[in-house]
Each structure stands twice: as structure tokens, then as C-alpha cells.
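In the two assemblies presented below, subunit A is common to both, partnered first by subunit B and then by subunit C.
Showing the complex of A and B:
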């Protein structure tokens, strides 16, 4: 595995990063930007970085899916370990949604689940304590340098 | 807390070409989010071509949906969707494309998708949509099909 990141600010095993922002679709780009930065600093290569960027966008969509997210916040938690990166997305403070179908008549979670299944090693979603949480784990291709 | 600001949002129209631009990305200096996205409609070889540039996600996909529905509603059963300048695409975007494809086929037409970037093609492949859409890697190839 090639570490493409050449900066001095490297995330190490045990580091935890948290990002909270209003649960709005136009802010999901923030989640992707932060994911790119953290994945690079955690030593993932450019291919994994692209996979994680896409996967985290899908996590955000899944977390917002069954809720009326307009008044809630999305909290992203990044945990770096020697063998993997664990990312969870939790929707906090939102009410229940009316429908899971998109304006195109497609079940919104089907494509997200397919994308996550292809890009990461483990993923899941559940409702807990009145909040929706989606999570993923992506293992490293090789040992952490 | 992050503040969202649409940097640019303009529309201009002439006889056969319309362009709608929304800028977006992250500006640390101003604390704003900017995301590059534009849609252009034009006629090529008597066929409507919709060219999308930038990132298609939950924030920008509604504009693509509106544009495609408008083109199809004008009586165009077959539409060419040029995604060559697209740099990112998520499940929301795929949902919009599937919805538009259904509309085209209901009218006896087709939605041709033009993709060359392997990162974008990968998303079609992992969701199995390469078997659903007629996909080519250039506009010229659509003309030859």
C-alpha cells in the first residue's frame, strides 16, 4: 500500500475525530471533504480514499433516510485503528420521515446499500435512543506504517 | 456549525442552449461551502444532449431531475446524458437517472449515458446499472450506436 499523504499531520491508531453539522443535503459535501482529509492522514491510499469519500456520503444519506432531518444534526465519528478505519454517522434530534421513496420512485436505501457493500468491509444501520446511526468499517490493505 | 452559501446561481437561455450553474466547495477563509455543478442543454444531430459538470449528489441531483424531466416533457423520448465532466456521483444521482430512464422507455425511447472516468463507471458497475443503461465512453459512440 502506498501512502499518498505527504503532510506532517498524520492520524495514528486510537485517534478519534468528530464532525457535527446541520443535517442538510447541501452540507453532505463537508462530510466527503473531511473524509478525504482524514483517510489520507490515516494512511489510506488514493483508491481507498475515493471509496471512503463515496461511502461516507451514502452513510449520511442512510442516516437521514428514515427521519425528517430538517431540524437535526449529523454527527460523524472517525476512529483510526492499526487495522481499519471505523466511521459512523448519527442523526440527532430529528423526527420520523413520511416516506423512504425518492421523487424518482426508487427505494432510496437500495442503491446506498449496494454501494456500501461493494466499497467497505462491514456496514450497518440502526435506530437507537431516538437517533438513526449508520456505520462502516474499511480495513487496510496492509499494515499501518 | 458551518454556514452554507451558494456562491453562484445564475441561469441564461437562448434558442437551443441553457446553462444553470451552482458553485460550491470549501472556503476556510470565509467559512462557506462551495460545490461546482452545472447543467447544459443543447441539440446535437437533432438529439437533445444534457451535459452535466461537477458533483451530482443529494444537493444537486434535484436540478438534474428537473432538467431531464423538462427535456422529456418537451417530447424527447430519447435523451443523451453527457457525464464526461462529472467528478462525483452518488446514489441520489443514480436514482434520478433510473427515474429518467423509466420515463424515456415509457415513451418508447432511451436514456443514453456517456461516461469515461473509471471512478464514475465503477459506481454504475457496482450497482449493476451497466446492464440497465446504454453506456458509451464518448458522444460520437452514441451517434454510431
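Showing the complex of A and C:
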């Protein structure tokens, strides 16, 4: 069984989409929705699309973890290439970090990174110009249709 | 930075970490402790897969079984920390769980169905409220989440599993064919007429109509499910629809 996007709007290799929204947990839904729309238009199947939705939520979490995100914005950058989709999430304009421990005592960033490792091909995180940035890359299973 | 991270997380039980002679696989108290210590991880991962039509309890069960497998297969001498190994195994099992249940096809179908359901819900709510409904109201009316409603609106017609339509003998997408049905049967009066007419059909015809127009199966898929040829399904559908039309036909100019 294969899945295909049958809409008329298709994202092509080289297309770049950017989304910026206030860094609030309840708005991560925007990241997931846009990820669905872009991944579908970039030709990823529905299973990859679900992986990417889940993964982008972790990206947002990772970007927010290192900072007091209450005053910042999250900027998502989507890049489609013939081989893969690259998504990065940058937290802009936020203060220093609070705790990163979850209720279970697990380090939240470690859990998110482990989840990313299981869902995407590459991922990482770094501080850039005072902003926290988390990124992922998911390769296509087959050639671009 | 790539998978796993360099720092060992505080997930492995002290019992295992301090055990100089590490046994592979673990047995007895060490194994139990390893499982117990990591049940929180299994729960957290299961929660990440919620809202896909499976209960959290079921997902936790799948994740917990996967955790046990992780403990039994884990080899500390390979240098991979347990939490990373277990996370990968548990997510793999959760994904396999959905895949084995044909989730991708059902999800595509669910999006389409919800999209269609939204059309009906919108009409009803416009009448009830005297205004266009909000997404929150639509989510309540269709017993789904706001995110699912938004996704269905966005992706409802654009994304589908090709197998649903691959063997179909018609060129139009399912949604447009259902739309045609709606034009005939959309009013409350028509639905009131349709219910007894539908009940008068033979059980097999009712099943085939339901599979075609409610579940969105293709004629070929119905043929396989019912055990007849696709041509026969086509004839039965045409005959059933004709019978329905005749029964609900309202005499003109009375």
C-alpha cells in the first residue's frame, strides 16, 4: 500500500517555509498542523508524517527547555530537498532556563532526544547567537515522485 | 549532537549499575527492578502516541510489554545506555502496533470521514446556532479534538491512501461521490424517509451500502470482504440505491 498526496499544491525541493508563534505549549499544535501540511505536500507517506508530527513536538520542547520560554517566540524552518525534509526550531527572545526535570525525574531533554532518535534520521541541538535551536532531518524512503 | 546523548540518565536501577557481574539477560530481582524503574518511561512514550484511535491503557500495555522485551534483550556491554535502547524498542513496538492494525489506511479514511462529518455538523450547527460554528463547537459535535478538526479541514480532501481508490471503477474521489449522495438525502425530511427505506433492504445490501458510503470502502474492497465479484457489488449497489430512490420518492403535485 502506498500513500500519496493528491492535492494540487505540492512543495518541491528547495522550497522553504517559516512559521513563528509565541513559545507556549498550547500553541505547539500549530507546529504539528503545519508539519502535517508540509510533509504531505513534500510527498512523505502518512506514517512518516505521524513521525514528523511527533518529532516536531519534541523539537519545540527541546528549544523551549533551555530557556524561560514564556517571553519568547518559536520559529520553525522547514526545508524540503530531494533526499529529505529538514526542520529546525529556534527559540527567540527568551531568558535563562528553569528546571528540565519531568514528573518522573527523567531529564526531559534526554527523553526528547531519545524519542527523536527513534523517529528521525538525524537530530541535534545547539545555542546560536543566544537562541536555542533544535533540528531534525528525516530522509525519504524512496525517490521523490 | 545525535541520538542518545553522552550523559548517562538516571534511569537504570542502582541494582544493575552497581552489579559488578552483570548478567545478560537479567533475571529475578534485578530484572524486576529494571522493569519497575522504567515503567514511567513506558507511560511517557505511550502518552506521545495518544489521539490515534487507541486507548491510553492499550498503548501503555504495548509499551510495557516492549519495556520487558528491552530489559530481556539489553546487553550493557554494548555501550548503549538502557534508556536510549528501551526508548527505541518501545517506540518501535508502538509504531508496529499501529501498523499491524492497518492504522495508516484507517487514519486516511478517518480524516476523510471526519471531513465529511464536519459538513453535516456545520449545517446542523448553523441551523441550531444561527451562525457559523467555531472549531471548538465542531470538535464537540463530532466527538473529536480541535486539532483533528483543523487537520481534517486542511487535509480532508488532499490526502488519502491510494489503495482506497486504486481499484475503483470511477474517476472521482470518495468525497465527491458522497457529496452526490448528500444532495439527495441531506434534509431532515429525506433522512426520515430514508431510514425505513434503508431498513427494508436485505441485510447484505445494507452492509454493502454501509461499507461503501459510511466506511468509504471501494467496490473492490467490499467485494473481497463480502466474497463476491466487484461487478456484483456494483450491481447490488445500483439496485439498492434504485430501491431506496423508489421508496422515498414523494408524489409530485398533490
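Going forward, the second predicted complex is superposed on the first by the 140 of 145 C-alpha atoms of A that agree within 3 Å, B and C clash if a C-alpha of one lies under 4 Å from a C-alpha of the other, contacts with A are read in each partner's own complex, and residues count from 1 in each chain.
To be clear about the criterion, a contact is a pair of C-beta atoms (placed from the backbone, for glycine too) under 8 Å apart; a residue touches a chain by one contact, two chains touch by 3 or more.
In this text the structure is predicted, and so the values were computed from the model without any measurement.
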Exercise. Look at where subunit B and subunit C land on subunit A after superposing the complexes, then choose clash or fit.
Key: clash
Exercise. Scan A:46 for contacts with subunit B and subunit C and give back first, second, both or neither.
Key: second
Quiz item: Thinking of the overlay built on chain A, is A:21 touched by subunit B (first), by subunit C (second), by both, or by neither?
Solution: first
Quiz prompt | subunit B or subunit C, by number of subunit A residues touched | solution = C
Practice problem: Check the residue A:36 against both partner chains and state whether it touches subunit B (first), subunit C (second), both, or neither. | Solution: second
Quiz item: Which partner does A:119 reach: the first (subunit B), the second (subunit C), both, or neither?
Solution: both
Quiz item: What is the contact status of A:127 with respect to subunit B (first) and subunit C (second): first, second, both, or neither?
Solution: neither
Quiz item: Given the superposition on chain A, at which of 8-16, 26-34 or 80-88 does subunit C overlap subunit B?
Solution: 80-88
Self-check item: Set intersection of subunit A contacts, subunit C complex versus subunit B complex
Solution: 29, 32-33, 50, 54, 57, 102, 104-106, 111, 114-115, 118-119
Exercise. Using the touch rule from the top, collect the residues of subunit A that touch subunit C in their complex.
Key: 1-7, 9, 29, 32-33, 36-37, 40, 45-47, 50-51, 54, 57, 102, 104-107, 109-111, 113-119, 122-126
Self-check item: Complex interface listing, subunit A residues touching subunit B
Solution: 20-22, 24-30, 32-33, 50, 53-54, 57-58, 60-61, 102-106, 108, 111-112, 114-115, 118-119
Quiz item: Residues of subunit B touching subunit A in their complex?
Solution: 1-2, 4, 24-26, 33, 35, 55, 57-59, 62, 65, 88, 90-92, 94-96, 98-100, 102, 119, 123, 126-128
Self-check item: Residues of subunit C touching subunit A in the complex
Solution: 1-5, 7, 9-11, 40-41, 43-45, 48-49, 52, 83-84, 87-88, 91-92, 95, 99, 104-105, 107-108, 146-147, 150-151, 154-155, 157-163, 173
